[in-house]
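Shared chain: subunit A. Partners: subunit B in the first complex, subunit C in the second.
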Partner chain A sequence: MKRKGLGFYFRIYCKILAQDLKSKMSYRADFIISTIGMIFTNISGFISFWILFRSFPSINGWSYYEMLFLYGFSLVSLTPVQCFFDNNWSLRQYVYSGDFIKYCFRPINLFFYYQSEVFDIKGLGQLAFGIGTLAYSWAKIGLAFTPLMLLKMIVFLITASLIMIALQNAAAATCFWIQNSFYVLDLAFRFKDYAKYPITIFSPVFRFIFTFVMPIAFIAYYPSLVILRPDEVPLLSWLSPVFGVVFFLISYRIWMYGATKYSGTGS
Partner chain B sequence: MKLKKYLTLTRAGIIESLQFRLATVVMVIGNILYLIVVYFLWKAIYASSGTDIVNGMTFSDTLIYLVLATALFNFMEMYTVWEIGRSIQSGKIVLDLLKPIEYRRYLFWSYSGSFITQFFFTFLPTFIIVAAVTHGAIHLGLNLLFFVISVVMAVSINYSIDFLVGTICLYTESIWGINIMKQVIVLLLSGATIPIAFFPEPLKTIVYYLPFQSIYNAPLSILLDGTPQPQTVLVTLGTQLLWCIVMMILSRLFWKISLRQITVNGG
Partner chain C sequence: MSPIIEIKNVTKEFKVLNRREGLRGSLKDLFSRDYRTVRAVDNISMDIEQGEIVGYLGPNGAGKSTTIKMMTGVLEPTSGEILVGGNVPYQNRTKNAQEIGVVFGQRSQLWWALPLVESFRLLKDIYQISDADYDNMLALYQSLVDIEPLLHKPVRQMSLGQRTLSDILAAFLHDPKIVFLDEPTIGLDVSMKSKIRTLIHALNREKKTTVILTTHDMGDVDALCRRIVIIDKGKMLYDNDIEHLKGFFGSYRTLKIRVDGDLKTQADVIQNALRDFSVSADDEWISILVDEEKAKVIDVLGQLQRSFSLRDMQLEEISTEEVIKKIYEEGVQ
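So, the complex of A and B:
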């Protein structure tokens, strides 16, 4: 099979996206309610954050606005996984029912085709919320705003997103081996709630675990240090783009390995 | 004779829930992870506050509260909204409505088996560990009895709210959005994620007038109160009883009215 170029995949993605949006629009009430639900989630997350930290000038050497910055950073970096990889949640049903076999017969990349089938617009509300939070805390901390900073910000946001995408891919792929993978996926999804706290609050043992075993700290903490504390950026922060790409590739391999082993249900 | 049909449902529920052992293991890992994060987060908060008692709660009070709130959550979360929503979408609800048992009761009792397994496998061990580790921070006396009464009413209120929200699915046929809204509101306003004692003033008063705080805050504050005043206990339990009755009537009434609206696609 001839390898297809990026342009080809981009054109295909747009076509599938248009189909997906059309089918979503036919369930308009559901779409509106889900969007409101997503907004509720973000507002309640923000209220919880405000209740916890409003009365303390700083937690563990982190000021209120720095914590807010971390929170906003995690919201924005979680948007791609929500928007582009939401179909991972349905994977176990496709595998279980045998419908997954239909993806195996397309002459394009299996992983790409599967993920492109669903685009979750709800994630865009979270993106707007996250950008708002970031901009607000950015101004309050008094960080400089230069093109270089913006570039750094974008690079490290993508890095952080890749980590979460990798975690979710790997968790979703477990359904190729175990029956009820919902709990594994749910566990990985809950990691995002812990990403918004600075890792320095943990004891050294857990700092190590959350950095190397379950890389939660890479979803917001390490990447955002580059912007937040430019004078004392640890090596791990600079390395995080590499980690992001590596993690993503590993998760992609696991996912594809599971998919190629998939033998259908026989129906 | 009447009780026997309910207990049969309970038994089936116990057997069903024992099937998913892997799910339980993953859930326990998830909860431990959550508690680790909570522990270090609140430790940092107490360290930065400079005092031992914040909003009338010591660090160990807060920790016991949050640990037991998590255990209670596992125990009480019945996924009623999902259950009703899915039955409506698949048409299974028609078969359930034909059963010679009221739907609201049928759903509750078919879940009750999980109450028993959850109680013995998660809540009780958690409670014993917490009581042992904190060396008498939990006063073991009459408050245990009040706690049990309070939890029973909390289960009832929680179920009524769930059922009420699940009924909305009859109109919208949207499950995810409705469920996430309910979950977010209940978890925040019931004090399951942050003790209500930490809420700022106007919000705190408002929350005390809502039914949600009767689900988590009421039983846990009764349990943690070492020297209970008869008056406070009576007010707390009385409020719960009131909400118990109000929510039950509301959810029954709403279900009865809504049932006339039902449209089922096949089945």
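So, the complex of A and C:
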């Protein structure tokens, strides 16, 4: 057997992705409706945001455009989890029904094989919307646009994505131990709504929770400080790429450990 | 050559929470540490050679699936050793997966929305099958079954029979050393069953693939398996040739005849004539259970023909199904 490196997995992923897109388009009505749905979700999200901040031009020293920047940042950083890890939402059903066992029989990484099966194209609308919001607020705040800034931006966007992915993996993996993990997953998913606000507006208790317990402050707040407030970047911001990678690896381990504990149902 | 599968004293235990009844019981269960150990597989040993088709039988809940899950690397044995193609399946799950194919009940492993040929191409990449091997395999499939209409049909639109057929073809695609088939013919009509049996038989012959078949359908066993292994309540009851199994229960055959007159009274007359065998009658037939070690069926028939005018006759072999039922119920003495 040949060794299976990154190149192998990348090729396989592209092929599965292409097939998945093909099959998605074969359900044409479903494809169109879900795309329209995603656009409306984003627009309504933006409108509620806009109504809220029209009344408060600044919160705790955060201007409207800075808030908008955070909002855009969180949208972009949530895209990978939406696009590539959406199958986590179905994990519970696969485990419950015993169908999860089919993933155990292939000679490739179990986590990879499972996640590769679904690519959620709706995330792309969110990505476009997020990038638009980011660019707009970037211009309005008058931030410089240098290669270094762009590099920082990309590194911290990846960081933020990894943390959200880690949260979702860990939350989804709970179904290997408890029957109804939907609430855990839903909780993690709802918490991310708080990610788009600067955590300084929350009470110290929640600040602590969002930093160390459910680290959603790393999804937008800490990383974007590096761009928005270059003079007062806390240590946590600089450490967030490390946290991102570490959290992701931990969540991967939890997920895989859960999968090995899985014994399947009788047939 | 060493066996392709070696199982030595394998036991698998599960911890099961002792559940209490009612809402109050459920609440208590939340905090309960009251586990009991269930032995799903109890000290099983067997060796399976390359190219064998082994029927793995047992009533529901006997431990068949658990054994297969251990051989495929999904479960770790509590004790004992399993080697599949020289690998310890649980420790090298992905390496083991390359060498085996699995069809698990009615759970399709194919991509639901894709036409079969696209699933095959993905499998070709995942198992790193060379172009030549892939083409040869498809040609072989083509010669065995008419796959053309299946290839371009999305799996979700297939009938159960077509889907099962597709799953079996997919399991053999990378030319694995061993294929595990868990109830492959369940829920299928007679013609599809026979098609699938023929296919499995042909692939086993062509590719020397070892096949482990679990089934409740004795038709599958009779058509495919020379060797059968029976387990019940986790314990191995029987592991030998299917012929041996039949011989084991004596060489009994049932001779059924129809004669003129009232069958019940005639049966009594025959019983008096044939003291060695048990004779019974129902509305249609008089049945005589003949032990062939004492007298040949043909001689008994000749003897009867001299005294009675026979209108019709039937000969029944003791079926595998009956034998296995007997083993489930009474065990092997």
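Note that the second predicted complex is superposed on the first by the 264 of 267 C-alpha atoms of A that agree within 3 Å, B and C clash if a C-alpha of one lies under 4 Å from a C-alpha of the other, contacts with A are read in each partner's own complex, and residues count from 1 in each chain.
The working rule: contacts are C-beta pairs under 8 Å (C-beta built on N, C-alpha and C of every residue); 3 or more make two chains touch, one makes a residue touch a chain.
This structure is a prediction, so every number in the text was calculated from the model and none was measured.
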Touched partner set for A:44, first subunit B, second subunit C, both or neither: first
Which of subunit B and subunit C A:26 touches, first, second, both or neither: second
First (subunit B), second (subunit C), both or neither touched by A:257: neither
Touching partner for A:15 - first (subunit B), second (subunit C), both, neither: second
Touching partner for A:109 - first (subunit B), second (subunit C), both, neither: second
Subunit A residues touched by each partner, larger count belonging to subunit B or subunit C: B
Subunit B versus subunit C as contact partner of A:208, first or second or both or neither: neither
Common ground on subunit A, meaning residues reached by subunit C in one complex and by subunit B in the other: 27
Complex interface listing, subunit C residues touching subunit A: 14, 60-61, 65, 69, 72-75, 93-95, 97-98, 100, 102, 104-105, 107-109, 111, 113-114, 118, 121-122, 125-128, 154, 182-183
Residues of subunit A defined as touching subunit C within the complex: 1-2, 11-12, 15-16, 19-20, 22-24, 26-27, 98-99, 101-102, 104-109, 117, 262-264, 266-267
Touch list for subunit A against partner subunit B, complex: 27, 29-30, 33-38, 40-41, 44, 47-48, 51-60, 178, 180, 182-184, 186-187, 190, 194, 197, 201-203, 206, 214
Interfacial residue positions of subunit B with respect to subunit A in the complex: 20, 22-23, 26-27, 29-30, 33-34, 36-37, 40-41, 43-45, 47-49, 172-174, 176-181, 184-185, 187-188, 193-194, 198-200, 203
